[in-house]
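I'd like to ask some things about the structure below.
As written, the chain order gives the labels A, B, C, D, E and F, with residue 1 at the start of each chain.
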Amino acid sequence: VAEPLVYLNGNFLPASQAHIAIYDAGFVQGATVTEQTRTFHRRPYRPENHLNRFFRALHYTGIDIGLSHEDLSQIGEKLIEHNAALLDPGDELGLIYFATPGEYRTYSPRPARTTPTVCVHTFVLPFELWAAKMQNGTHLVTPSIRHVPPQCVDPNIKCRSRMQFYLAEREAKLADPDASALLLDLEAHIAETNAANFLMCAGGTLFSPTTRNTLPGISRATVIELAADLGIPFVGRDISVFDALEAAEAFLSSTPFCLMPVTRINDRPIADGKPGPVYRRLLSAWSRRVGLDIEKQVIDGAARRSAAKGPNATGKTTA
Amino acid sequence: VAEPLVYLNGNFLPASQAHIAIYDAGFVQGATVTEQTRTFHRRPYRPENHLNRFFRALHYTGIDIGLSHEDLSQIGEKLIEHNAALLDPGDELGLIYFATPGEYRTYSPRPARTTPTVCVHTFVLPFELWAAKMQNGTHLVTPSIRHVPPQCVDPNIKCRSRMQFYLAEREAKLADPDASALLLDLEAHIAETNAANFLMCAGGTLFSPTTRNTLPGISRATVIELAADLGIPFVGRDISVFDALEAAEAFLSSTPFCLMPVTRINDRPIADGKPGPVYRRLLSAWSRRVGLDIEKQVIDGAARRSAAKGPNATGKTTA
Amino acid sequence: VAEPLVYLNGNFLPASQAHIAIYDAGFVQGATVTEQTRTFHRRPYRPENHLNRFFRALHYTGIDIGLSHEDLSQIGEKLIEHNAALLDPGDELGLIYFATPGEYRTYSPRPARTTPTVCVHTFVLPFELWAAKMQNGTHLVTPSIRHVPPQCVDPNIKCRSRMQFYLAEREAKLADPDASALLLDLEAHIAETNAANFLMCAGGTLFSPTTRNTLPGISRATVIELAADLGIPFVGRDISVFDALEAAEAFLSSTPFCLMPVTRINDRPIADGKPGPVYRRLLSAWSRRVGLDIEKQVIDGAARRSAAKGPNATGKTTA
Amino acid sequence: VAEPLVYLNGNFLPASQAHIAIYDAGFVQGATVTEQTRTFHRRPYRPENHLNRFFRALHYTGIDIGLSHEDLSQIGEKLIEHNAALLDPGDELGLIYFATPGEYRTYSPRPARTTPTVCVHTFVLPFELWAAKMQNGTHLVTPSIRHVPPQCVDPNIKCRSRMQFYLAEREAKLADPDASALLLDLEAHIAETNAANFLMCAGGTLFSPTTRNTLPGISRATVIELAADLGIPFVGRDISVFDALEAAEAFLSSTPFCLMPVTRINDRPIADGKPGPVYRRLLSAWSRRVGLDIEKQVIDGAARRSAAKGPNATGKTTA
Amino acid sequence: VAEPLVYLNGNFLPASQAHIAIYDAGFVQGATVTEQTRTFHRRPYRPENHLNRFFRALHYTGIDIGLSHEDLSQIGEKLIEHNAALLDPGDELGLIYFATPGEYRTYSPRPARTTPTVCVHTFVLPFELWAAKMQNGTHLVTPSIRHVPPQCVDPNIKCRSRMQFYLAEREAKLADPDASALLLDLEAHIAETNAANFLMCAGGTLFSPTTRNTLPGISRATVIELAADLGIPFVGRDISVFDALEAAEAFLSSTPFCLMPVTRINDRPIADGKPGPVYRRLLSAWSRRVGLDIEKQVIDGAARRSAAKGPNATGKTTA
Amino acid sequence: VAEPLVYLNGNFLPASQAHIAIYDAGFVQGATVTEQTRTFHRRPYRPENHLNRFFRALHYTGIDIGLSHEDLSQIGEKLIEHNAALLDPGDELGLIYFATPGEYRTYSPRPARTTPTVCVHTFVLPFELWAAKMQNGTHLVTPSIRHVPPQCVDPNIKCRSRMQFYLAEREAKLADPDASALLLDLEAHIAETNAANFLMCAGGTLFSPTTRNTLPGISRATVIELAADLGIPFVGRDISVFDALEAAEAFLSSTPFCLMPVTRINDRPIADGKPGPVYRRLLSAWSRRVGLDIEKQVIDGAARRSAAKGPNATGKTTA
């Protein structure tokens, strides 16, 4: 059977042969820098923005991968070309880049590869996980665990040292297995979920936390651009749970699913507890920009898989 | 050529075949719990203490590995038996356990293994990295990066979500390539280095940071026991850089190297800038307890490797 | 029908006539200082300790109630004498003192009473709320809401400005309607629940948070004394959720119910998830001290009420 | 004699019969949500804004009072109609709404009312307390007590859990019995007084703390609107005591008195220590908007009461 | 007329000729390290302890004064010998050491002296400022200004970068011109006054803040020793204003005046508001140790000066 | 030989006779308020702005120097007139004002001068220290020492209580003797260096920290004005090290040297690691404004001095 390809340290490998050493520093210490984009119509979305952010984080952390922006761009193109051909019709790909400082020599049977580990790989967008939430809204719960502050690790670095996300999700799932954790910072301002930025709309203005405590998502940037096109001003500022609960609408933005309405926080409804008109307008504008109906693609994709799996299939994630 | 064995998810594999999927949650999110012991005379040192701590962290994080304390103990025994046989005379092994929540299903070509990833492996203790520092003392530098506070990730969990360690080391190396970073907590108290606990001796008493901001190392516990045997009282309390600089002696404790004198912080000497008598007494007591001269083993081992490598060999680590 | 009496501002009134003005400063601003004891065999338990703490808080807040320790003691005696006579056999009383700065003149139809409001009243101990939890243990959940820090209101003042408790309980109930909120302080150390102190037992020692972030409960003091009698040393120190989860046992102490085992935190079991031997020893010692079986009194009382209410009665609290 | 009416839990009662149970949760825990407006010419000022904020806080705290915005509006109208008829000519009313979660069942002789307590009542505006300060300016003193941070209770909730205000006022009165406490937040930024928002004017711009650490007062919103009408831009930002002391003017805004000049902080004058032109312009604009001279009404009212009380009357508040 | 001598940069000068350049780094940046002792019977008290602390601070700050402990000791002896001869009978000297990094070259007409500035000088102990407070107790007021935290400047360094003390004193004097500021740390624990350590006695134990937030005064160490001699145990721990107000006694320790009772904080009395028995026992023990009645010396000295100055003399300090 | 004059406490003295008493409160406690300007063509630059800021700080600290803005202005004029005449051609002056609360009476041989100490003096701008850095850019290193927070001393007060600067510089010099310390605040936002404001340019906008954690420099204000003239918008906001490293350009502004490019932070380059076009445009605009080429003046001045000193001269600073 044909397999997706993975780029790893200079080679294009079948996915089943792509793995990292148990003594890779990215695994031993979480010192992995990562980035992610997705396809629309099987073309990568804003890869240049994502690669720019990837290189900024590599620069800050001092990991020199020995590849240029152009190199990574071509690798991504090649992977999408090959891997998209394996997809069911209607499916799309996520595209992930990551780099680590290389192997941790002390743990390795010598000689270790001490140049950075670089990988690019794809995954099939899991529409089945999003369909219900895009239609009805999602529920966020604030855990007692706080987001790591910039004194320790700058939230602008998309890294994989995220135990706080894992612990926070566990707490949030106690309150609702379908909820996601909305992490607060040490001052109790809303930061982000483990996979998405938080935005809200109040008094006709779009708000989102600043980059002081949150990753400046490319999808968040897209939302801000779309809002500007629709005449909706944007302001970045500290947002409390109180502010969010009193908003007219709230949503999450994330590269894989684009935009998802938030309709409850800590089991309190936002406005009437249903996805609102700004969400719909923004998602429509985004759909127009990429030439496909984003929500419909998700719903159709979820239905298709549900049918394929039969009556016992569920959309639960595991990790 | 014979290879060390690695235990991974139920199998004993040659080290060259032991790797984790690039979509393992331990790698994707840093949600890896780990633990480490070492051998003396090729017998594991206090494995029960290390396994107890490993199971405590698994309990807190809710990762159920489906193996008992006894199971892991036997796996470790088996690995040591096999792998120690491959060692040069005079060498010893480090023994590492780690577990992750399993594979991150979304990224994985289905079906993913969603039960926890469990691994036990060994490495050769790098005596060559320690010999000079054990004889002359090491230099610690306080970086601007702070240790992650317990509001986010409890420092008692030995996990692999440690980007702060990576960033801190980079800063410390600017001041001195041979120095290690001494991370401070948000209140500027001494926490730990990326691999060791900090202890100091002042007025005849042994002090170390409390478990509020530092991992309660098993080696630190050993030092406290040895000190008690020598009639040296121990007090756990917040320690500032000022306190440390005015101490009579300071040292690091860590499973692989046991004890190492700290003779300078931020280029200021501690006392006369040389390893002190309490260090020597503690290390001697530890040597008696394990039936070998710990410092001599390190120095001899380093010399042996240096000879083997020839005149151009260096002891520099890479990651 | 005979009614319990309430002491209010110099008068002994039937409970149904005891109320405070809507413009009392204790209600307008939460500036109410309070204290609480209970009876065993219908005699007040350690009233002198509780009154001492009450007067300390009045002193700190500068509320001069114009009554002496002896006066309040006699008022309490009189209320217990009268009100206990109305109890079902087997029941006991809680006894509450509170004082406020008096009426807030601006809001009041003149002339306002501007001397402090002072009240002493009783309530029937709600055994039905405790029986199951004393036998099987209770579940604590850490909310995102933090305890008010001493920079704002010293936790040593038992006051009624506790909106944080109300908000925290709401969050904890999302995870489990039978759980109570375990509030953390701003540094993520365990503080207290809205009605009880937290204690735990580890390595043969009893631990509890210090008075830095928690009310120094009289029942907590009793537990410490009982532990000393049983040869169990006590140490006050900062405690993390990690520490608590790795304890051998944990419990809550509170004036009304004395001692209650904590068997789960955030749905993780403590030890084997059952009430432990130290809990039983401490409660037995306490029972001996007061001359009745505290747990049995609760269980019998709960059963009695359940029988009286019939099959549909439930023990749910409302506020 | 005719008495003002109070709305309480469905009934309109004479003020002398309006009181709450000593076991009401609003009193037992400070879990009271409140709101306040006032009349001009005996018509309520912006009641819709105040009721909106009241319902937002009820929503956040999850207190469902079972009454609509319209219901509360009509209750307020009815109270004003009745109670204003009892006023001396020239007087005006304050109108207060509050709600609590209901009675605390454990403390209550059963059966307790467990639906929320809802009350609406009025009070006569105390012009005599404001006259001198509106003419000459008021003095603010920064106490050591800090405002409760949003990690604990969001400052956007106008609640009655405000012991910090009580304690802060006591400290400020030590420095000057006529001063009010200007509470700082944990970072030492100006928050608010116990009854008013802080605003200042510098370089032709109006500034006020953001809603991060302060209640977004309706009167503060009015000031911002009036300023816009006068061509004075407004910026919400963190303000230090240093900033305030170097401002051209500072003032307090509050529903009952509208606007009051601040002329000294910690006994240092602001500018020349006298009420300034922006204050006068804003108050004139506000007076025009409501159709009466706000300052004159206060001064005349204070004089009238002083005359009525005779030579020994004083305007000191008690609580 | 004979003048006291001052040691400055290698020379013994008449006091009137001892001054520092306006471009000395100690003045330009507050980078001055200092230390202070006093005489009893015109012999220096524990000079070795004070010099040890002085050298510890010089070590931490990296200022190498080129003089030994013995050198400074002899300089102090010489100054005391000469300057004490100029005293009125019954008077004693304070002895001050300070050092700075030297002159700030940029500001200086070249060539600047870039070796450290070192000075030792004396002053007459101002008994007249202490007499009333030693007899009746002093009043402390907590200002809004906080002590500088160890993240910035370690409180163990006795340095002259103390603007916070100056600002705090101004605030405290607003509440009471005779009060001193009791600075709190960022967590609202008691730190110290601008010139003294805080200690208190409760339940038969002596308490004082730890060296985490306060200078470990030599006089504080003396008090701890004296307490041990008297069988009073000592515990260093965080102390709140609440704790202090509920203490049996409180006092300040400082090199010049030894011990002074604190009888009020924020205008609330401690116990009965009078100096207590532990204060008297400690001061007596101290007096025995130094062979003179410390309190009597102060009172007599104050009376002597008052008589000398005539009816208009006052004991007010200026800066 | 002719000497520069210094104004000190009412007198104009030769520089060699200008010094302060060792018991001046500005030296004893760091309670010195200061301000600084410089000349261009030997005329003071914006003296009115600097004097305004000086008087604001004097107002806040309550130091009344008894001189008017006009008085100080004339003193400055007089000093420049006299002292500039002594300069080499091509040199310029820095002009410093400072004031302290006066002499600390207790330490002073009586009678002390208890009115404020006021001084105005000049220094020759040290072009030789800046020439290389203005051409190639400077290196900033973030130390572990944090800037003093506004809870303690407001950063808007240009005072001389700056031990944190001294300690921070020592740490930064460990990493690079030519680097300056870039102090972070307690939240890890960039504050300032010990002598300059930090600014950066990203996406065509100029950014700088707000006055919340940094001194609002007059030169920073000049840069903002110049940027506005060039059509470059300015935004004050919190800036992280990550933000700075990803900027297009960064620079320092300071009164003596105006503007200096920052090309590396913690040894990571900013952009291509060379001074950028915005720096050049801003410095050119500034040069036009003051009628001389600022960079050329520095380079020529440095060369002139180097020539004068001969082959062994170095430009190293000492303190």
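Basically, a residue touches a chain if its C-beta (ideal position, glycine included) is under 8 Å from a C-beta of that chain, and two chains touch if they have at least 3 such contacts.
Nothing here was measured: the structure is a model prediction, and the numbers come from that model.
Considering every other chain in turn, the ones in contact with both subunit D and subunit E prove to be C, F.
Summary of the copy comparison: rotating subunit A onto subunit F for the best CA superposition needs 120 degrees, to the nearest 5.
A comparison of the D-F and E-F interfaces places the larger number of contacting C-beta pairs at E-F.
We define each chain's centre as the mean of its Cα atoms; on that basis subunit A and subunit E are separated by 58 Å. One finds 45 Å separating the Cα centroids of subunit B and subunit C.
Averaged Cα coordinates give subunit C a centre that lies 33 Å from the centre of subunit D.
Contacts with at least two other chains are made by residues 62, 146, 149, 151, 157, 170, 186, 188, 241 of subunit A. Taken together, the touching pairs give a contact graph of some other shape, not a line, ring, star or complete one.
Every residue of subunit F that touches subunit A in the complex is listed here, in rising order: 186-189, 237-238, 240-243, 245-246, 268. Residues 56, 59-60, 62, 149-151, 154, 156-157, 210-212 of subunit E touch subunit B in their complex.
Those residues of subunit E lying in contact with subunit D across their complex are 141-144, 146, 170-171, 174-176, 184, 186, 188, 241, 266-267.
Those residues of subunit B that touch subunit A in the complex are listed here as 3-4, 6, 8, 15-16, 18-32, 61-62, 94, 96, 98, 101-109, 112, 114, 119, 121, 123, 126, 129, 145-149, 151-153, 157, 159-167, 170, 186, 194, 317-319.
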